[in-house]
Amino acid sequence: MNHSVTCTHRLVLPVDTNHHGTLYAGALLRIALEAAYITAHQAVGSGANLLLRRVLSLECYRPVPVGSMIEIRGVPLHMTRAYLVVGLLGVPLANEEGPWMDGLMGFVQVDSDGQPAPFPSELATPSTAEGEWKELGERMEKLLRVR
Amino acid sequence: MNHSVTCTHRLVLPVDTNHHGTLYAGALLRIALEAAYITAHQAVGSGANLLLRRVLSLECYRPVPVGSMIEIRGVPLHMTRAYLVVGLLGVPLANEEGPWMDGLMGFVQVDSDGQPAPFPSELATPSTAEGEWKELGERMEKLLRVR
Amino acid sequence: MNHSVTCTHRLVLPVDTNHHGTLYAGALLRIALEAAYITAHQAVGSGANLLLRRVLSLECYRPVPVGSMIEIRGVPLHMTRAYLVVGLLGVPLANEEGPWMDGLMGFVQVDSDGQPAPFPSELATPSTAEGEWKELGERMEKLLRVR
Amino acid sequence: MNHSVTCTHRLVLPVDTNHHGTLYAGALLRIALEAAYITAHQAVGSGANLLLRRVLSLECYRPVPVGSMIEIRGVPLHMTRAYLVVGLLGVPLANEEGPWMDGLMGFVQVDSDGQPAPFPSELATPSTAEGEWKELGERMEKLLRVR
Amino acid sequence: MNHSVTCTHRLVLPVDTNHHGTLYAGALLRIALEAAYITAHQAVGSGANLLLRRVLSLECYRPVPVGSMIEIRGVPLHMTRAYLVVGLLGVPLANEEGPWMDGLMGFVQVDSDGQPAPFPSELATPSTAEGEWKELGERMEKLLRVR
Amino acid sequence: MNHSVTCTHRLVLPVDTNHHGTLYAGALLRIALEAAYITAHQAVGSGANLLLRRVLSLECYRPVPVGSMIEIRGVPLHMTRAYLVVGLLGVPLANEEGPWMDGLMGFVQVDSDGQPAPFPSELATPSTAEGEWKELGERMEKLLRVR
C-alpha cells in the first residue's frame, strides 16, 4: 500500500442512536462519509475539492452500542486522474471479531465551478490491497466492472 | 409493480449543506436512509423491526441547491423471507432532467433480541421493475450476483 | 376535498425525545411545521415561496413513544389569493384511537424581497372539510373569526 | 401581574436559518416552546413536571436575520389547578417597532405515570394582563372560549 | 457589582447527554459558551460584536441528570477597552449544595472586518466580585497574572 | 514524549458556523472536547471511563473559515493515578503560521457508579513537553500551581 491509513475516532452518543440504543444507520452513514471524505482529502492533499460521487458498497455487520469509542480506518484503493475510491473498515469493537462495518466510497475532484477536474497533483496509484484491505479490494474490483 | 411507491419530501436547509451551498453528502446519506427505511416499513407493515444491512449502491448525479424541496421515491425491488431491497430515486429538480440521486438499500427484519427473523407476514414478491425503476432494477440484479 | 392529502412519515429517534422517552414538544413542533410546509408547497406547486405566518391551533393528545413510525397527514383547508391554511392530523398510533395531534398552520406567499405576493397560479378553493377533516375544519372556521 | 417575566435570549446561528438567511420557522417554534416551557417551569417551581398540551396561537410578524440576539419574554396568563397558559413576546429587534412574534402555549402538569395531576403547590392566579401583555391576554380570553 | 446578573435556563434533553444519562461535556461547553456570550452581549449593549478569545477556566463539579432544568448565571468580572471576562455559575441542582460548574470566559470586540476594536461605548468597570462571585473573582485575578 | 499524538480531522460545515461564516465558538468547544476525549481515551486504553473535570485553558487565535478541513492534535501532558491533562493544538491552516487554537483539558477516570477511580492500568508519565508542545506544557505547569 503506498498510502498511509487514516483513522477517525468517534464516541457514540445518544444523539447518534436508534431506539435500540445502538448506532442509528442514518448516523452511521454520515460518520462513514466523514471518515471517507477525510481519507480522500488526506490522499489528495492541499487543493482537494471533493464531492461524493457514489457509494459502491457499505455493509453493516454488527450493532454498535451507545458509549462505544469507534474507529474507522480509511485508505485510497483506486485512483484515476479525477476519481478516487476510498475503502473503509470499522475496527472490531472490544470482545468482537471482524469489523462492524466496511465500505467503498468514490469521490470526484471538482473545480471552483463544481465541474469535474483533474486532481491538483499526480497521485501515486495504490498498490494491490493487502492484509485487512484484501477482501475489500477484491470486492471493489468486481463492483467497478459492474458499472 | 405490486407495491405502491412511497414518497418522502424534504426542504434543504442551511443545516444540511456543505460550504458550496448544496446538499452535503453526509446529510444526503441520512435523508436517503430515512426515505428507504420508511419505504421498507410501509412494505412490511405493522410488526416491522428493520435494520440497515447494506447499501448496494448510491449514486449522486447533481448537486442540490439549498432551498430546494426535494422528493425521494422508494419502492421495494427484491424480497426474501427476511431481507428486502429498496430502490430510491431523487425526483428531478425543477429545470433538470434525470434524477439527482438513486440508490439501493437492503434491510433485514430482526426480533426483539436483534436476531434475524422472518417478516411478520408473507410479502408479495415485487414484479420486475418497470418504467423509471427499470434501470435501477437491472443494476440491482447485477449487484446481487456480485456478492 | 379538491386537494389530495400529503403524508409525511418520520421515525422517532432518541434525538427527538424528552427525558420521558417520548417525542419532545420542541421536536414535535418542528416536525409538524415541516409536514405543513410540504403540504402547502404541494398545493401551491412550482413557484411556491412560503413563510409561516401563524399557528392557529396545535393540540397534543397523546405521548408518542421513541421508536414509533409516525405519520402526519396534511391538507389545505382554506385559501385566499396569498394566504393558505393547512390542516394536520397525526395518524393514530398502533393500538390507539384518535389522532395523537392535530393542528392548523397558516402560510403566506412572498416574492423574492420577502414581501407578501399572490400565489403564482390560481388555486382551487378547498371544498368544505369532510371525513376525518370535518372537526378540524370547523375549529378553523371559528378561529378565523376570532382574529 | 403577580408573576415576574421570564426572559430567554438566543443568538440566531446559520444552523437555525432557512435559505433566506432568516430564522427558520421550525427552529422558531422549537425556541418559542423552550421559552414557554422555562416560563411555566419557573411559575410552578420545584415539582414541575409539564407537558405541552396545546399551542393556542403563535404569530410570526417579521423575519429575524441570522446573527440577531433575540429575546423572548414569557409570563403565565391563565392558570387552573393543573393547566397553565404562558404568553410569549419576541422583544422588538433593533430599529424595529412591535414584536417579531407572540404566542400562547398551554401546559399540563403530569404525575410520574404521565397522568394529569394538580400542580405541586397552589399558584397565584395571574391578574388581568396589562401593558405589553394586554393584547395577548385579550386574544387568549377569546381563544379559551372557542374551544 | 455594577452589572446585573444574566440568567440562562435550559432543559437537559437526551440530545445533550452522554451514555451515562447525564449532560455530555461537549454539550455543556456549548451551553456554557452561549450563557457567557449572552452575558457579554448584555453588558456591551447594542453594537456588541463579540468573539470568544479564551476560556480561562471551566470546572465541572457534578454530573447533571437528563431532565434537569439547569440555570447558569453570568456576570462581567473584568473589563478593558476591548476585552471582557465573564464569570459563570451553574446554580445548584435540587438537593445539592454548591454549583455543578463554574467558569471564566474572555471575549473581544471586533469591527466589521473581524479586527479587534474598542467597545461601542465605555463600560463601567465591575467592582470587586462579591457574594457567590467572590471565589471566581479571586481565581480570575490569579489566572490573569499567569498569562 | 512517551505518548504518540492523536489526530482528529473535521470538515467545517455551515452547521458549525456563526453569522460571520467562521467556526462558531460553541461548535469549536465541542469539537475540541471530542478531540481531547479521544486523546485521553487512546492514552488510557480499554477500560477508560472518563469525564471532563476541567478546562485549564483554551485559546482561540484565528477565525476558521467554513469549508476548512481542520486538524487538532492531542497529547497527554500530565498524569496522576486518576487524573490526566490533555494538550491540544489546532494545526495551522493553509497559508497561516501558528495554531488557530490550543488548549488544556483535564479528565478523571470514574467507576461504574461515576465515582473517581484509578486508571485501569498504570500509565507512563509523559516526559517533559517538547517541540510544538513546549509552550503549552509550560503554561500547564503554571496553571497547575494556581489551583
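A, B, C, D, E and F label the chains in the order they appear, each numbered from 1.
By definition in this document, a contact is a pair of C-beta atoms (placed from the backbone, for glycine too) under 8 Å apart; a residue touches a chain by one contact, two chains touch by 3 or more.
Please read all numbers here as calculations on a predicted model, not as lab measurements.
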item: Chain E and chain B - chains in contact with each; value: A, C, D, F
item: Partner chains shared by chain A and chain E (touch criterion as defined above); value: C, F
item: Of A-F and B-F, whichever chain pair has more C-beta contact pairs; value: A-F
item: Centroid comparison with chain F (C-alpha atoms), farthest chain; value: C
item: Centroid comparison with chain D (C-alpha atoms), farthest chain; value: A
item: Rounded Å distance between chain C and chain F, as computed from the means of their C-alpha atoms; value: 46
item: Separation of mean Cα positions, chain C and chain B [Å, integer]; value: 25
item: Separation of chain C from chain E, taking each centre as the mean of its C-alpha atoms, in whole Å; value: 39
item: Sequence positions of chain C contacting 2 or more other chains; value: 11, 14-15, 34, 37
item: Overall pattern in which the protein chains touch one another (line/ring/star/complete/other); value: other
item: Chains that touch, pairwise; value: A-B, A-C, A-E, A-F, B-C, B-D, B-F, C-D, C-E, D-E, D-F, E-F
item: Contact set on chain C toward chain D in their complex; value: 20, 25-30, 32-34, 37, 51-60, 63, 103, 114, 139, 142-143, 146
item: Touching residues (chain side chain A, partner chain F) in the complex; value: 6-11, 34, 37-38, 41-42, 46, 48, 69, 94
item: Touching residues on chain C, where the partner in the complex is chain A; value: 11-15, 66-67
item: Residue numbers on chain F that touch chain D, as the complex places them; value: 14-15, 17-19, 24
